[in-house]
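What follows is one structure encoded as structure tokens, with my remarks underneath.
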Amino acid sequence: MKFLFSIVASSAMLLSSSVIAGSSDTKVALVPGGPHPYFAAWERAGQDAVKDFGLGKADYKVPAEWDLSQQNELIESLVGKGYNAVLVFPGDAVGTNKILGELDDAGIPTAALAGCVEQPTMAKMCFGTDTGHSAYLGTKQLIKSMGGKGKIAHFTGFLVDPNTTLRIKAVEKAVGEAGGGVEIIQVIADIDAYEPADEKINAFMAAQGGEVDGIVTTAWVPAVVASQALTNMGDKRIKMVGIDHDEVVLKAIKDGYVHGTMLQNPYGQGYIGSYVMDKIRGGCTFKSNAPWKSTAQTNQFIDSGTVFVDISDVDTYVDAMRNISLDILKTFEGDFLDC
Amino acid sequence: MNELCLEINSANKSFPGVKALDQANFKLKKGSIHALLGENGAGKSTLIKIITGVHKQDSGLLLINGKEKILNTPNDATKFGISVVHQERNLIRRFSVGENLMLNNLPKTALGLIDYDKIAIQSKKWLEIMDLDIDPNTTVSELTVAKMQLCEIAKALSLKAEILLLDEPTSSLSPQESENLFSLLRKIVRDEGVSIVFVSHKLEEVFNICDEVTVLRDGKNACTSESINNLDRKKLVKLMIGREEQIVKSDRKSDDNKDAILTLTNIKTELGHKDIQLELNRAEIIGLYGLVGAGRTELVKCLIGLEKITAGSVKINGKDVTIDSPKTALEKFKIGYISEDRKKEGLILIHNVLDNTSITIWSQIKRAIGLVTDKMIADKINPYISELEVKTPSIYQLISNLSGGNQQKISVAKWLAAGTDILIIDEPTVGIDIKTKAYLHKLIIELADKGTSIILISSDMPEMISLSDKIIVMKDFQIAGIVENDHSYDSVSAEIMEYIHK
Amino acid sequence: MRGKKNPFPLSLWPAKNIMKTLMNKKIPNFIFTNQFGLLCLVLVFIAIFSTVTDGFTSRFNIFALSRVIAIDIMIGLAMMVVILTGGLNLALGAIGVSAAMFGGWCMEIMGIPVIPSIILTLSMGAFLGWVNGIITVKTGVHSFIVTLATMSIYFGFMTMLTEAEAFRRLPELFTDFGSAKLFNKYVSPLLLLSVATCFILFYLFRFTDIGRKLIAAGANPEAAELSGISVSTMFIHCHVLSGLLGALAAIMLTTRIGAAIPSMAGQLGMDWLLPAFLAPVIGGTLLSGGKLSVFGTMLGAVLVTLLTNGLYLLDVGEFWIRFFLGIILLFAVLLDKAREYFTLKSVIVS
Amino acid sequence: MNIKLTSLFKKDWFGLLIVVLISIFIIATIKPTFLSPFNLYVLMVSTSYMLIIALAQMIIIAIGQMNLSVGAIGGLVAISFSGLMEVYQISVPMAVLMGLLIGVGCGFLNGYITVKSGISAFIITLATLYIFKGINLGVTEAEPFYNIPETVKNFGNAKVGNTPIPFLIVIPIVITFLMWIFMNRTETGRHMLAYGNSIQSAELLGISSSKVVISAHVISGLLAAIAGMLVVCRLQLGTPNIGDSWLLPSFAAPVIGGAILAGGKVDVIATALGVLIVAIISQALVIFKIDPFFVQIFLGLMILLAVFVNRYREYKQEVSRKIFNIE
């Protein structure tokens, strides 16, 4: 028993020395679906939001595993600890709605970030990359680089990830519009973790490497593993369009193994998301005629922007992302909120 | 020449509720084959356990070659040169013979790896002593039981054993194999200077090879190191079982209304029984007598459905029945079985008196939706607890806290509560104090008088003769003979002995 | 101090016993039982956490806590009934998820109304438990190995049949039950369901013949068989009951999440194994079988969930929680061995 | 000559070798790319660390126990190995050594507590599974370590000369050979098997059970550590969820290889062939585009089948011993 008491006592002191509180009492919790490199940018975005917008707190809290009940348990304990605004990457397009409803009953504003929940929902907004559109653009780029014909393979993320179904449909749509010259020979999903991705992608390359002409990856880890596989094989015949900004992918672009990558804007999502939460808690509400975009899941969608980066502008991608965020921030209050 | 290589004097050992060894002593001359005899419960197995270091004696000395030694673990015994060949073999069945022989100090090559050629050569030496011309690399599981046993003796020799203890060595050997074993034993005593403690219940073998005999009875020495030539079969048997205590003259009127409640006709079982005939009448006590390994408990276990009966018919009250499990035996035919192994098969040690006594009657006394409250149970079993004078602070007392005698009373009370028509009692008074033993005898007779038919298994001759109306003598899984019991000890015991040693 | 009455291993404290002892002022024997120790530990931790962290006693946290406790109790009970036989059920999570997905399929695709779907889900859980029981009993192989194999078989089949697609459009009546709030929004009805199940199981094991036979079969199979109990049937009953309770726990989890999701119990349903072992072992159920405590398991589950929630609130870092639970399980197991050693070693009353 | 052949047939691994050859033949005829250098390379890579994981479990099965924390030890060593190199810039050989030490430490803990407490190793290693995984998560906060030194990364992709054989498989092959020597030619190895066969007769021969159990768990921990580090080289980063999926395959391969879970009978070569069979079947599923989750069902069925076959063989022996042969 003594062992447990010592832990409790020491952590109590830790509590008092938390981050210096800003003027407003908004405490935002940024909660991803599980541990994943994409969300690393949220941590910095939260800290910048506290500095720039004077928030009480904007902390990035990660569930130990990709498991909806663990995400729910974490969110519930965070609310218990005093966080009064929650930005969440939905662990499940419908499942997460349940807890968002309960948070709303407790007067806590919530929003879906980087992935949307299906309507009807209590989430104030869905702010993220239009993943469907982004996958569509990426596939178009791939088809262009393949000269309009050939066989492609599509590697994508967890089946529980709400964006996965959007991405699969978007790739099919883009291939459909290519006039029949292009055909999807295999879709490998549920491999957004390193061990399964490594096993499945290499097995695929070994078995079907010869027949495939192009690869589109719409999830971070498969993009990294596929770029690595192509680099190892030294194969420049197979064209590939990746996603996100992992150095392995960027290096492969520079070395010419990968045609390009579709950037999303995790930093902007975290930064502007926290800003919006503070505004909502400050009493602002969304305009009835706000210029919402709509996707298959929701019609309260705000696009955090996506940009295709290839060998030409691979070194300047950081500024590209930053500019997009600043544009959105400048016009956000005017377009969307009346306070 | 004949100084003593192993000596135990005035050893005492008692277990909860019973005194297993009372001033027992044992003297083994160097280079001799010494028989250790005694019926079940005579303390023979306890003495063996002390010699082999499994148990430590409460008091008394153990001397090896004249020097006192303390054996804390079986390992110490091996170190001091005492090796044992148990009934259930101690060889590693999946290893080769050679490896088994040399396992505790395997010869190594220069690199520190096992050198199997050296093993073969070195083990060959020991195998030849035992006239075993088998290739040391064959795995043990391919050998016959006899060869396995000879390997085990070879292993004991390789461990430089001076004293070799053979526990019922011929129980699964054919007569021809036994003969081969005996000639080898004589050879190794002569050539290797080994002395042998020979434990067996087959008296003809004892006369065949042993020089001296020690007999135990009720934990005391009936005789110590008696030379074999001034003993004959009759005298030896008398030493083993001759007790002059008066036989409880039961005033059971032998009413001769013979309505057979249970009849077995030419029964064969999966375990090897052959043409078993048995007829149990109402309110009759039949005794099943036989030495260890005669197949009595096995027969009863087939009867209550634990093992399969392969041929023959079982009739209850004249009707043909098949009993497939103890559950059917109890619920359909009201047959109960009090096991000989109280601790493992009779009682649940971590549960209390209430549960253990009522385990057989829960389904009988349950009310709507299976309700069985403690109070309902207490009302049903308390009369039996008091009737049997079980000494326990409360019915919630854990069984493991009761004495051996009280535990046995509970395992009887359990079946009394169930109200069985046929009750099979297996070795009821082994390791029980004299007072409780007499009490249990009186109880068994009362039960029979009240109409319960009883099959009594016991290797305690006086108990058998005082209680049973008819005694069936079993030998090697068959019926050797049936003795009508007129309760006169000498004539009946002689007749039984006649069948046993036919 | 030999108490006047050493309680039946199962009972927390029959009412009349407490009244009697209070009257003659002797310390009730129940003080020494494991369950009382647990109760004190739970109260101590509630006191600590409510003082140290402010959010602990908030309505939202209590409600959330009540839901997690409800599900952990059910999972603990489902494993307890198999530990009773001296065995283990590794496939508990897989059975729960497969049953819940089957239920989701019934409700969403087949449009079967809620109540019949729940009954179908429970019977699917019972069936999968029955399969575990039959294989274990017929082959005599230790139930750990059988359930290790069936865990991956059940989970594999479930994922193949549903192509790992969640059933998201479940009827409102079903999903609302998960977020309904009672006692002015402090407690979830799921907790009442779990506590009710505890009482039912307490009644079964304490006051019925089947229950007593199950415990006897677990304690000493040979003695039970010879006393007219069909031990193999009893073991199969335990596995069926375990499957049933596992399915019930999965239904409660589905109402809470609002959707039947293949990954609700983690990879191969293995996330359930920690709470499933912790609650019964802490609660005093002997791992060697034959002794169980229903309320002990309940208190074990409460203690574990309380600790996890408290550590979350204390900002000790949610990542260290699994480490603490591992330590607690190790201590509980060592305690279990000491307890077993103690009961058999007690003094002989001749 | 035919004595040699018949004794060959009785060996477990001979039957398995036939199964492996036949399955390769079938798949290769249907899909020739199965034998392409790149495919063989991928096959060997996935077999490499699985082989060591199977051996880590096999040695514990040999003494009649089970080690559930194999994956957790592998994961803990993987992140410590990569973490030490990234955060503290520890040199690769030093990091490898420390990784092995952690593995040995975890193994020793498992063995020591099992022996001292007398509780079944299954329960102890279940508790240590969560303890080791807890430390892993606590240290990494579920964030992988990315920048692994180049030498380690290259080793992960390097091939032996221009053959499709990856360096990754060289270590496991050496270890398999060493394990064969250990199990069949060293005294401790034979003592472990004797202990697994029957604890009572082993102790009667003066074999100390604590020495046997602790050394078995230490070796198991060491092998798990090696497997963890190989996976880090392969994935080019140290991610906390390495080892999560190891439990089932670690049992399947030895059991397919004829190991008796009650202890006393394990076959190193047959276990290796068991790993190969699992790898070939998983690879075939990808080629024939069958649902990847079928592998789970396949592993479960194989364990049940193997256990039934062993149980039936034991039952046969038991019955023959019980019958009183009086002829």
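Should a chain be cited, it is by its letter among A, B, C and D, assigned in written order, with residues numbered from 1 in that chain.
Note that a residue touches a chain if its C-beta (ideal position, glycine included) is under 8 Å from a C-beta of that chain, and two chains touch if they have at least 3 such contacts.
It should be emphasised that the depicted structure is a prediction, and the values quoted were computed from it without experimental measurement.
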Of all other chains, the one whose Cα centre sits farthest from chain D:
B
Pair exhibiting more inter-chain C-beta contacts, A-C or B-D:
A-C
Could you grab the centroid distance between chain A and chain D? Build each centroid from C-alpha atoms only and quote it in angstrom.
37
Calculate how many whole Å lie between the centre of chain B and the centre of chain D, each centre taken as the average of the chain's C-alpha atoms.
45
Roughly how many whole angstrom separate the Cα centroids of chain C and chain D?
32
Residues of chain D touching at least two other chains:
137, 141-142, 244-245
Counting only residues that touch at least 2 other chains, which ones in chain A make the list?
64-65, 190
Can you tell me, using the touch rule above, whether these chains form a line, ring, star, complete graph or other shape?
other
Touch relationships between chains, expressed as pairs:
A-C, A-D, B-C, B-D, C-D
Complex contacts: residues of chain D adjacent to chain C
66, 113, 117-119, 122-124, 126-135, 137-138, 140-142, 244-245, 247-248, 251, 261, 291, 293-301, 303-304, 307-308, 311
Chain A - residues contacting chain D, complex:
34-35, 37, 40, 62, 64-65, 186, 190, 193-196, 198-200, 202-210, 228, 232-233, 248
Residue positions on chain B within touch of chain D in the complex are 74-75, 78, 90-95, 99, 103-104, 106, 108, 112-114, 141, 172, 270-272, 295, 476-477
Contact residues on chain C for chain A in the complex?
48, 52-56, 58, 60-61, 64, 68, 164-166, 168-169, 175, 178-179, 253, 256-259, 261-264, 266, 271, 308-310, 312-316, 318-319, 321-322, 324
Footprint of chain B on chain C - complex, ascending
2, 4-9, 14, 207-213, 215-216, 219-220, 222-230, 286, 290-291, 340, 343-344, 346-350
